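Presented below are the structures under discussion, each in the form of structure tokens.
In the two complexes that follow, chain A is the common piece, with chain B as its partner first and chain C second.
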Partner chain A sequence: MSEDAALWWARARAEGPLRVPTATRTPAGMLRLVERSGEWCWLLPRPPDDVTPSVLRELRLRILPVEHPNETGRVLAAALRCCWTDVQAAVWPGQPSTLREVLDVVDQLMPGRGPEVLQRLGTGALRRLHANRWLDVDYGAGRVCLGPRVASWPDPDLAALRELCRELPLSRLGQGHDG
Partner chain B sequence: MALSCFYSKNVADEQLGLDTAAAEQVVVSVFEQIVAVLARQADAAITDASLFRLADTLFTAFARAGEDGLTAEQMRSACAAFPADVIDNRLHVLRRLGAIQPAFAKPFQHEYRGSFTSYVSMLFVQRMLARGGQSELHQILTMEKITLEGGQATEEEARDAAVRVTTALRLLVAELVALTVGGTVEALRERAPLLWNAKSLIDQASAVHAKLLEFWPGLGRWCGELRSAIAAYEDASTNASARLVAAAGASRALDLLPPEVWRGFARRASVDDLAEVLADQVFDTPASWHDVADLAEAVAGTPQPTIGRSPPPRSRVSDDDEHPSEEWADVEAERLARVAEEVLGDRDAVAVEQLLSGEGWGAARRALADLVAASNNGRLGYRLVWSGTVEVRPGSVPSWLTYGVFERVRRTA
Partner chain C sequence: MSSLFDDLLQPLGDKQRDALVTAWAALEYGSEPASEVALPALRDAALRHLLEQMLRRTGRTLVRADAYRWTSGYRDDIAAELAMNGWGVLPPFERAVLTLVLIYSVAIPRAEGRLTGDTWQSSHPATPTHFRRLSQVYGRQRLTDAFQWLRAAGLVRPVRGADPGMLGASYVPGPALLRLTPTARQRLQENLILAAGPDTALATAITVRRNVNRPRK
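And then the complex of A and B:
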């Protein structure tokens, strides 16, 4: 690995996925994810052999715990349902969706929680997912996009993800995309 | 202000003076230890390092003068940098002890010459001063080994060499043991140079010992004493190192700064200084991982409401539009709406810092809690929008401020 690539890897370890101008050359071993606008792209470290942090669990090492893992997982699944409209294509970049649509799918997943509860847990989960770059949430515009980290799911897992998306209900707001 | 500057300058000068004096004291004490075996009275050694420099200047002048020597006046002018009475005193002592001798063995001699032996002894003293007795011991061991290997030494000389080395090692051991057992860690750390090269010193002494045994098997008794002295030195240096290591903690840095200095550094250092310590370290960003299996499990494991507790049928249209405000049963939402209206007045948005300034932190916190609750309540049409910057304002309330706007949500439907 060249010194340049090593520096990029160090930066990615310290900062998470890196957002750089598209003109930047892709360092060795990193995944290049171009944003829809085409001006910026994300650099994501890609470990060999499709290894993901879930390997840590197999090795009986501590994995960084997620707060409220079930609720956060449901919100991420709901966002996938709304944004990953063409399940035959790659997950990234997906289509933009809205906060209301995502929360509506979450509401159908967990019926009977009441709007306040839904709002509270939804906001918490969206903030966590945004902070870890699983989602890109724009609260001002009420817009939700997939974050670069969704591209770190290895290909063999995508079949299970497609199956999961098929099972999930669509948003009832009607203005969603038909997928 | 001016007074304090003056004061601190004075203190600094005094500090400097004390430091210099302490350094001089160390030099003089080494002089005293070196000449102790030759001195007749306890106060016979010089008490001022500058006197040593005077002698150095004097011998340089003699060397330049060559075979003609110097007269008393020429000697005084060569040392003109020193006070006259000091020069007179030194010349008297040096002449009495023979370091300065008449150039020719004639009466009424005015020319003097410097003694070669005295100057060489001065060189020796300087070397002892610079490198310490331990280094001298190294040199002696090397010379003994060469002499013994040359095969010219007699058994008598070999025995003397063994006794000399044994004695030197035993004295070294005694000093180390006293420091290790009775001395403070600081004293031990100051004398840590005694421990440096302990391994090579032991190796050299062992080599001398091997040569002695090889050439003079009859010296078995002396060699046994030398062996025990070497072993004692090995033990003493190991123990002393162990104590230093224990005091130094996990860092194993024997001659580094004491912990107080580190604590002081941590308190007084600038942000840049502290950041530099970690400049070449990389820390992983905490990144959560959502495995696909976990997602599927979370979705599949959704708690299904039991039949008896299912909610009443609801309209498919969102609450905000279809259900007017009379459905608001809870008092809290009404209170929050009142608070929010009071804050907003007839405006559509108001800056948060404007609401919080001028109140104590207790009141400000309550107001902020209400605004956040109103913003999070999905039935109320208010929200808090924060900007990314944080301003630190020491002394004012709140001292950490993020700019934000509390505003009405415009119904888009």
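And then the complex of A and C:
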């Protein structure tokens, strides 16, 4: 088995999903996601049998804790609601949404927090999710897209995520789409 | 099914395959080392050999944490290539903060005989007093951000109440340090000696040995 693949896998472990020119050959065992522009693609490792960290719960083992897990999870769910507009299609790349729309859904999930608290919680969660490539956040343009890591969700988990998306409120700003 | 592991997993029955994949997940995703007691693939020598092969193909290797617990880490040759290319390398400020944690919580207690063994775990926290100068020069927010980054990577672990006189948490090395191979642990120890005492005889000996072992062009 190629040492080249070993280095690609290790690099993806160290840096997260890797953005490379589409001319790059796909290393063994990695998932390739081509961006809309067609010039760049993302490479993600495919674990054996698509096993996810959720298996650790059955073993009562801990994974590295996420800071503010509740808020971070809600912001990811809200972004999913805004960006995964056709839940029968693949989750990635989805459709671009806006920071305002995502935070409006978060506001409905956590009512009564007030705009300042919501902004602070939302900003922290968006930063964490962007850093780990769950989301792609462009603060200058006020745009939120799903990050390549969402494509690592295995098919069996997508059914539950579709259901979750249907139950979440739409943005009240008038640009959401029902799935 | 992932093509990288097919030839290793396909000959196995469902039970063995499940045991192997579960152990792989425990090693690679777990924040702490995994115990042989809970995972048959770590107990069974044949399955453990397969597990090592799976890890090897992804640039990783089995690392023994103690008598019954295992984790995984980067292969030494792969870690060297990652570092040479600057892939996944800690940013300078975060590296400086982690170095201070390692000096105050491990290196000094070890030099004073309060900490024994070849490990980068410690019960002697580095306290806010140790970071005061960094905080004064670079600002409290920059330090807070760095600790947040290091905590998320499992490189430090907060300890409450170690320094009641000062605001802020104290820190010990995090579980990610358990992923270092014996070679990586030794390199880290030597690098700390070079950083903390570059003019000492020990530092000179390390430099000379590294120059001798360096491949000539």
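Here is the rule we use: the second predicted complex is superposed on the first by the 175 of 179 C-alpha atoms of A that agree within 3 Å, B and C clash if a C-alpha of one lies under 4 Å from a C-alpha of the other, contacts with A are read in each partner's own complex, and residues count from 1 in each chain.
Criterion: a residue touches a chain if its C-beta (ideal position, glycine included) is under 8 Å from a C-beta of that chain, and two chains touch if they have at least 3 such contacts.
As the structure is a computational prediction, the values presented were derived from the model and not from experiment.
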item: Partners on chain A (chain B, chain C) - clash or fit; value: clash
item: Partner chain in contact with A:89 - chain B first, chain C second, else both or neither; value: neither
item: Which of chain B and chain C A:167 touches, first, second, both or neither; value: first
item: More chain A residues in contact [chain B versus chain C]; value: B
item: First, second, both or neither for A:119, with chain B first and chain C second; value: first
item: Partner chain(s) touched by A:53 [first = chain B, second = chain C, both, neither]; value: both
item: Touched partner set for A:64, first chain B, second chain C, both or neither; value: both
item: Partner chain in contact with A:157 - chain B first, chain C second, else both or neither; value: first
item: Which of chain B and chain C A:141 touches, first, second, both or neither; value: neither
item: Contacts of A:72 with chain B and chain C, given as first, second, both or neither; value: first
item: Contacts of A:13 with chain B and chain C, given as first, second, both or neither; value: both
item: Chain A positions touched by chain B in one structure and by chain C in the second; value: 10, 13-15, 52-53, 63-66, 128
item: Touching residues (chain side chain B, partner chain A) in the complex; value: 282-299, 301-303, 305, 309-311, 316, 319, 376-379, 385
item: Chain A contact footprint on chain C (complex, rising order); value: 1-5, 9, 17, 20-22, 24-26, 28-32, 34, 38-39, 54, 56-60, 74-75, 78-79, 81-82, 85, 87-88, 148, 151-154, 175
item: Complex interface listing, chain A residues touching chain C; value: 1, 5-7, 9-11, 13-15, 28-29, 45-53, 55-56, 59-67, 128
item: Touching residues on chain A, where the partner in the complex is chain B; value: 10, 13-16, 52-54, 63-66, 69-74, 76-77, 80, 109-112, 115-116, 118-120, 123, 128, 132-134, 139-140, 149, 153, 157, 160-161, 163-164, 167-168, 172
